[in-house]
Amino acid sequence: MILNASGCLDALTAPRVARSLDIYVAKTITPEPMSGNPQPRLAETDFGLLNSIGLQNPGVESFCAEILPRLEELGMPFWISVGGANAADYARVCERIGERESVSALELNLSCPNVDPAAAGAAEIVAACRAVSDKPLYAKLSPHLPDVAEVATGVIEAGASGLTLVNSLRGLVLDEWTLEPRLGRGVGGYSGAAMRPVALAAVYLCYEATKGAVPIVGVGGVQNGKQALDLIAAGASAVALGSVLFGDLEAPERVRTELEQEALARGFERPGEARGAAHRPSAG
Amino acid sequence: MILNASGCLDALTAPRVARSLDIYVAKTITPEPMSGNPQPRLAETDFGLLNSIGLQNPGVESFCAEILPRLEELGMPFWISVGGANAADYARVCERIGERESVSALELNLSCPNVDPAAAGAAEIVAACRAVSDKPLYAKLSPHLPDVAEVATGVIEAGASGLTLVNSLRGLVLDEWTLEPRLGRGVGGYSGAAMRPVALAAVYLCYEATKGAVPIVGVGGVQNGKQALDLIAAGASAVALGSVLFGDLEAPERVRTELEQEALARGFERPGEARGAAHRPSAG
Amino acid sequence: MASPRREQRRVGGSERIGLYTLLRLERGGLEAGLPGQFFMLDVPGHIMPRPFSICLAEKDELAFLINPVGPATRVLCELERGQKIGLFGPLGNGFRTDVKRPLLVGGGIGVAPFPYAAQVMGNPPVVLGFRTARQAEAAQLVPKAEVCIEPQLVTELIPGVPMDVLACGPEPMLHAVHALVPDAQLAWEAPMACGFGACYGCVVELDGKSRRLCVEGPVLNGRPPALPLIDDEEEEAEA
Amino acid sequence: MASPRREQRRVGGSERIGLYTLLRLERGGLEAGLPGQFFMLDVPGHIMPRPFSICLAEKDELAFLINPVGPATRVLCELERGQKIGLFGPLGNGFRTDVKRPLLVGGGIGVAPFPYAAQVMGNPPVVLGFRTARQAEAAQLVPKAEVCIEPQLVTELIPGVPMDVLACGPEPMLHAVHALVPDAQLAWEAPMACGFGACYGCVVELDGKSRRLCVEGPVLNGRPPALPLIDDEEEEAEA
């Protein structure tokens, strides 16, 4: 299953691309509107991309009034990513959006590198959301956790239905001459190929800790089918494409085809069969 | 000032390289001998290196008896990196090594990705070491902290004299065909060029939080003088070279020369003058 | 309008024009779009594609005028005949060209969209400002252009009579043009990673709200935003 | 012995020998070291250098025999005449060659150090085992070699009389040789990032202790470990 990573595709400006996904994930929505961070918000690094969008979004009310109806018209399954500054914020958005039957799941963005670290613990936020919504809840975790597997088991105990692993790293790039940060906000989210081994490690450790009991969306630096297969072997049940979409709108179809071929080449009839293969004791 | 990153150079097998540094940092020493992780311990990634050495070391007694005297013979300043499983472990090594006048400073490795996360908090470990040693204590932090600046201010309050930022990331690479982890231990430490923006961000945030009051050793992916200058501009007072040394023994001298040139080209008479330049409000 | 796709095209030629480089790509069936629209060009060795205005559109060729300001633009200026690069467009909202009393106003590399605009609009009057004579060489791409070089500013060349101004250039120039001609169509710039509304990197403040320039612009006060950018298959079939 | 430095050398030639490739580098003043010592070769597009045994040492040339088992070795096999690569060595402890009743025993790519060893030792008897006839073509590099192909194993070619064995090959072969000839000098392999004791990546268990193969080996039961590897300037001056 191929999804987009939250914040990396707008289905309303690119419906054809959204339809080429199995599930569309919307950009993170907070209770109140957020105008995001100052310009510049983007900078290229040697092996990835730095961004400081800062959860720009119209707020949950305007989202429900203006955007949700148009997402519903797409006629495809979609998830909404939920953000906030504390557990009550998250719960408010979940409650409001959870009313809509069209929404297949809620992804709790517990990890944005571009807003100040959420004061509340991840499990507390999940519990607050679980209390107000029956929808599947995916906890999207940061790579900046001393023990990601511990947090993963914690959020699952608190009611999360699945995990999304991982959000971008915290990164910085300086201007070549002034030596000042290239992003207006200074530090930003570091995504792309450079973080692939980091995402793989998080998926691997969380799959091990949860014994594969919950679905895991693997995210981070995926550019081709082999890299998607790696995430699945590490324990992902689905793969999300992020910054690769900016430069390649055909990526979902291409990655899906390549993934099937790469799985077949290694003796798996369907990519899903490879789930957790990295954990199996060697046959040889 | 150019140092080596702990674990990336053995001054006894490469004294010429060690002497080309301003300070030599020894590999992490624990109270008891550790034989480290199973083979394979190394794997190349697209933009970095994965290792799972696992703090292999002879233990503090054997270190003091056999290795320390030979380091002393080098006739250059050196630091010892200290590890352990809990605060008492760290304190024991600090106490034992702190007796030796030859040791200029102790670097507390609070962050090895290849041993299980230290149960004790970073500040607690620092306080325990401060209680038994008057030497300068550098706290080496992990990039896997939700709020690295908060931990940095905490360890300084607890008695750390400086910071070393950062240790390697947690990463995973799978075998191309079997899809099993390439490292014997599975997950390993991910170092090299890919992590450069992550190290820069950590230095930047900690310099900001500490207002430049303590020395910071910047570590992560440095391969040339411009990249060293970036770390200094972000807030480092010294730069350590890690995996670049494996492929380039001339790196310390080369980076030092390049660093001076790059600083001069930007109007700094000495590299040290550029410290914190990334934080200055723009002149233009 | 058909949905834009990422395509690979060969470099047909590349020539220095003063400080800029005119990069000619084989067109091979690509739509050129409207003057003021842009393409995202892939840059060998770089991760993000970069936005460039359509400068010339011939039957067999699309050309972009590139100012080498940084690493990616420098790579594009060094491309050689025969090399292939990816491009994606046309994107965004271009200029309204069916105006009564047209005047094209360009500053520096902001001249880029006007050779194509002048062609489409039947060679209307054009005023161009540059910082140096070397940059001003690019004026040769636009017939009938009146040119000034700093310290003279291009706004001094705008006549005092009401005209329908289309302008492109650095931010201070656009603000100055706006002050003189409030209803001028202005083509703005912002860093872009995608060009089709996916990344929210190109946001500018418009009427007090943060808006994506690649979706609402780059030409503002121009046509109202047209959504979706990456059309439905169905709409494509109708096109 | 002077301290090894990283040097750049031109590829003088590259030829296929069965499944392997003999990569000839211009020697330009480099020391060849002892048979069984190795060089770290930089690999274009790769981060870690890779270790290779000295295969041939001529006056103007050092050559390495390379088995394309993975991405980096494949790149090295495709290098072309005139390209430059970095190399660093000689490193590690080689074979003791001043033995009375020498026998060289090689398995597969383990033949690599023996052309040079045979030259230094005045063409002693050599037995080589390979998995296929294509691999066995590499035997042509060693004069007077007796060759077998699986299912026959190279250990079957070791005579029943006491000999001073120097062996290089896959781990199971080395263990089998050791069982037959307990004092054989065996050249082992482990993944290496540095080759000079810095990374602790190449550790193997020796006498119940974890030891760096690049420092204590790669030839074990051979010369005692010589520290430091990267000598002092002073020692260099003396050399």
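Per-chain residue numbering starts at 1, and chain names A, B, C and D are given in the order in which the chains are listed.
FYI, a residue touches a chain if its C-beta (ideal position, glycine included) is under 8 Å from a C-beta of that chain, and two chains touch if they have at least 3 such contacts.
Since this is a predicted model, take the numbers as computed values, not measurements.
Peer 1: Starting at subunit A, what is the smallest number of hops through touching chains needed to reach subunit D?
Peer 2: 2
Peer 1: So if I look at the partners of subunit B and the partners of subunit D, which chains show up in both lists?
Peer 2: Looking at subunit D and subunit B together, no chain touches each of them.
Peer 1: Taking CA centroids for every chain, report which one is farthest away from subunit D.
Peer 2: Using the mean of the C-alpha atoms as each chain's centre, the farthest one from subunit D is C.
Peer 1: Approximately how many whole Å separate the CA-defined centres of subunit A and subunit B?
Peer 2: 31
Peer 1: Taking the mean of the C-alpha atoms as each chain's centre, how many Å separate subunit C from subunit D?
Peer 2: Whole-Å distance between the two chain centres: 60.
Peer 1: What's the distance between the Cα centroids of subunit B and subunit C, rounded to whole Å?
Peer 2: One centre to the other, that is 48 Å.
Peer 1: Mind pulling the subunit C residues that touch 2 or more other chains?
Peer 2: Subunit C, residues with two or more chain partners: not present.
Peer 1: Could you check subunit B for residues that touch two or more other chains and list them?
Peer 2: Those would be 45, 47-48, 193.
Peer 1: Indicate which of the five shapes (line, ring, star, complete, other) describes how the chains touch one another.
Peer 2: Line.
Peer 1: Can you give me every chain pair that touches, using the contact definition above?
Peer 2: Applying the touch rule to all chain pairs gives A-B, A-C, B-D.
Peer 1: Could you please specify the touching residues of subunit A with respect to subunit C in the complex?
Peer 2: Those in contact with subunit C are residues 7-10, 12-17, 19, 27, 35-36, 39-45, 47-49, 51, 53, 56, 192-193, 243, 245-250.
Peer 1: Provide the residue numbers of subunit B that touch subunit A in the complex, in ascending order.
Peer 2: 45-48, 50, 117, 142-148, 169-174, 176-181, 186-187, 190, 193-198, 200-202, 204-205, 226, 229-230, 233-234, 266, 274, 277-278, 280, 282, 284
Peer 1: Going by the contact rule set out above, which residues of subunit D touch subunit B in the complex?
Peer 2: Counting only subunit D, the residues touching subunit B are 3, 5-6, 40, 42, 46-49, 72, 88, 190-194, 196-204, 209-210, 215, 227-233, 236.
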